[in-house]
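Read from first to last, the chains carry the letters A, B, C and D; within each, the first residue is number 1.
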Amino acid sequence: MGTMFSAGEYVVLLDEKDRKYLVRLEARKFSTDLGVLDLGELIGKEPGAVVKTHLGREFIALRPSRADVLEKIRRAPQIMLPKDAAQIVAMTGVGPGSRVADCGTGSGALAIFLGSLVRPNGHVFSYENREEFASIARKNVEMAGLSDVITIRIRDVLTEGIDEGDLDLVTIDMGGPELVVPKVKEALKIGGYVAVFSPCIEPVQRVCEVMRSEGFREISTVECLVREIEVRPGATRPSTRMIAHTGYITVGRRVR
Amino acid sequence: MGTMFSAGEYVVLLDEKDRKYLVRLEARKFSTDLGVLDLGELIGKEPGAVVKTHLGREFIALRPSRADVLEKIRRAPQIMLPKDAAQIVAMTGVGPGSRVADCGTGSGALAIFLGSLVRPNGHVFSYENREEFASIARKNVEMAGLSDVITIRIRDVLTEGIDEGDLDLVTIDMGGPELVVPKVKEALKIGGYVAVFSPCIEPVQRVCEVMRSEGFREISTVECLVREIEVRPGATRPSTRMIAHTGYITVGRRVR
Amino acid sequence: MGTMFSAGEYVVLLDEKDRKYLVRLEARKFSTDLGVLDLGELIGKEPGAVVKTHLGREFIALRPSRADVLEKIRRAPQIMLPKDAAQIVAMTGVGPGSRVADCGTGSGALAIFLGSLVRPNGHVFSYENREEFASIARKNVEMAGLSDVITIRIRDVLTEGIDEGDLDLVTIDMGGPELVVPKVKEALKIGGYVAVFSPCIEPVQRVCEVMRSEGFREISTVECLVREIEVRPGATRPSTRMIAHTGYITVGRRVR
Amino acid sequence: MGTMFSAGEYVVLLDEKDRKYLVRLEARKFSTDLGVLDLGELIGKEPGAVVKTHLGREFIALRPSRADVLEKIRRAPQIMLPKDAAQIVAMTGVGPGSRVADCGTGSGALAIFLGSLVRPNGHVFSYENREEFASIARKNVEMAGLSDVITIRIRDVLTEGIDEGDLDLVTIDMGGPELVVPKVKEALKIGGYVAVFSPCIEPVQRVCEVMRSEGFREISTVECLVREIEVRPGATRPSTRMIAHTGYITVGRRVR
């Protein structure tokens, strides 16, 4: 891939206040509250190119990073935040080449996060039993440019299980995770991890019990809090409000 | 690579209480407080194999995950924790194929974390001006099996800068980060990120000011806290003690 | 004071959803979104009495606790929260009989918190240089029934200092706290405390430096975070959002 | 009480590094790692007096604050910390004149905290069924100078309940708190509070259910985290380690 922007690709537009738009490049107008700009102008330009609205306000065009994509994808409620997806990466061994099953696609945020890290030889198989979510997720995966790395299957994992085997990681972000754990255990490599995300503590308790009785090891539960700091000259402080809780992450490892 | 353990590779040994050893497989004895075991027995076995000490205590052998390696590498004081490395991944776009410069190798924990994610086509160039740290880091990188992905250079970035260009990410975990930022800016791709790790707030303040004056955008500072939850039947609670602060992560993005 | 409600006193009205009103008892109508109720009905009743709106919805009348008053007083922006006032109490020795100067009354929340604890023989002298705040604070103090324990003085402590001596505690919640500390030092008893509240870290740094050079001892700075837990059957979790930062509390002690 | 130190009273001795001793004044030697000092020298001196060891090191003598006493009392494991006691004060209306029952005295830290705030006309009735704890608590109460405000009763509240009525607050810090709540409800004033401290989440769940079924209102559960900040010139940061969890505080209010 060359460095010039091509028609059809997604770009990030950054306004003067660091507000961000993720748009597909086409010969069309794009309206913002700072005026209208002509997306076609960017085709053939390089990242960092500036485009002006009819009011003269400047936008900078960049090739989207994973952070951009995850910030701007279409969201179902309760999308998994990058902080939690990253913590799953930290606690397991997932990376380039890993084979992952993702139970409970939702809007695909976790699948995209992991998919962007298992490229080019790994794969994420993502299961979702609600068609409307699967549909949103597919669009998001396409926008992230990860359609070849992520396969979304419409299926109820609770009743039907998963197809794959020899997996490095299985993630579970859906109701009844304690029922899913036994169903996916055999699909894991020896030494592979299962990671469960649960907003409430009761399913965590049930999941830990099931993991223990299924012989998982190195079971641990954490909560990840990310606090924003406002750094201004003479007025540095943590932000007044924060997202104080998204969910608990419980990881276990198959050893036999 | 086959699935059987070979002489010379590193394996993880897990005892009955989930305590972990990272050892090189050779025909030799290995002493633990549960007795002595014969490592040679594991050669030719598969992950999940059990080896017994002369006291009959069992250890399970696994192929090490990145999480294992980072838990067990030789440490200089103040190693960067996986939670913080993962947060840098979350806030930027680093992944397979990324080119990264890592200023301040230390014992190599961040280089290893990132190196394991940029494989096979990316690279981490890691700079350290203290020979003894570089030496520890090299051994850790070798233990992590990432010698082909991570290059450690002994150099003072503050005075000599870095060699590479067209980078996706530059990380800075060393004194005087505000002096490093201008030196590495030109080495970044347009759209690339710089990420600074600082235990104290004063360098964060200086770094943010420099980033602003150098035209970096989307500057943000966060702190990542990971809280362990002890999940026991009828007695679930956050751990009494936690690592309450490691450092602040400040990210900025080059846009022109 | 008898236990029956009298005309003129403040009562708390609690609706079916635990929403709370703090009202003065008089023979008048009081409108809520659950209908209109007749406050006069409560005169002569006892705490726990139920009064119905014209729509038949029930409100329970209680004698206000300090927690009620602080929740419902008229607020200027950035009122000090009970969690922080309580932490000041925890870190110092303030209690019944204490003599306190409170620099920066604001809407009087801290003065009320402390005033309610130094009764009946202690006193809070509260200084505010903005007339409009002093006026709000006076009404709040009256509503809290603490007019005999709290004296509000309109004065700029920065330029004019304070009148009292032999104080157990001086609190500072205003701009330029590092300039106030030396001005109030002599007003403290030997063994007495100064407590500074600052949203940003820079004044904390200056205050600590001044405290050190003025010979204060046992200097310490803390931040107090209170996290709400939503306890519902099968769905227990910390609240999604929280007030992540109000301010830092720095305490020092005069020893000579 | 005059301001001069008298024989028999407790004083705080502060060494050069702010380490603290709480000692009874008598004509005797007191050994520290900075040398031996003669306590008798302090009798008749005023707070702030300096006493030197035989090695010439200086200690400052102060009249103890509540913070001092709570820091230095004899401790059973799992003493309630001032941050949590203060949060109970913040969430309820306890103060001078309040009548409190304290179920589960332990080493008396909560009783002392509350006793120091309900003086001179209030009272704390503290219940403990383990003689050895009651004995430690009595000594601590005496050291705090609160023997006239705090009554310790040796009794199992679970089976025998409490004697008092018309209480402003009942605190519960013992096993089986959900069984204690119904037993103490009638002892509360209308508008009074019950506050339960539990390290684990399961008793919190049971307590909330019981509070709801017993008709308590304004039920809420919080966790209070206090973070220390190390403020040093150019090197300001939160402490590396903190007490991350002591317990949950659940408060409810009797309304009828």
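Methods note: contacts are C-beta pairs under 8 Å (C-beta built on N, C-alpha and C of every residue); 3 or more make two chains touch, one makes a residue touch a chain.
Bear in mind the structure is a predicted one, so any value in this text is a computation, not a measurement.
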Among the other chains, which touch subunit B and subunit C together? A, D
Where the centre means the average of the CA atoms, what chain is farthest from subunit B? C
When B-D is set beside A-B, which has more C-beta pairs in contact? A-B
Distance between chain centroids, defined by C-alpha means - subunit A, subunit D (Å): 47
Using mean CA coordinates as chain centres, what's the subunit B-subunit D distance in Å? 44
Note: subunit B sits from subunit A at a C-alpha centroid distance in Å of 22
Which residues of subunit A are in contact with two or more other chains? 201, 223, 227, 236, 238
Which chains touch? The pairs are A-B, A-C, B-D, C-D
Touching subunit C in the complex: which residues of subunit D? 12, 14, 18, 46-48, 50, 60, 62-68, 82-83, 85-87, 89-93, 95-97, 113, 116-120, 189-191, 193, 201, 204-205, 208-209, 217-218, 220-231, 233, 236, 238, 248, 250, 253, 255-256
Which residues, counting only subunit D, touch subunit B once they are in their complex? 199-202, 227, 234-247
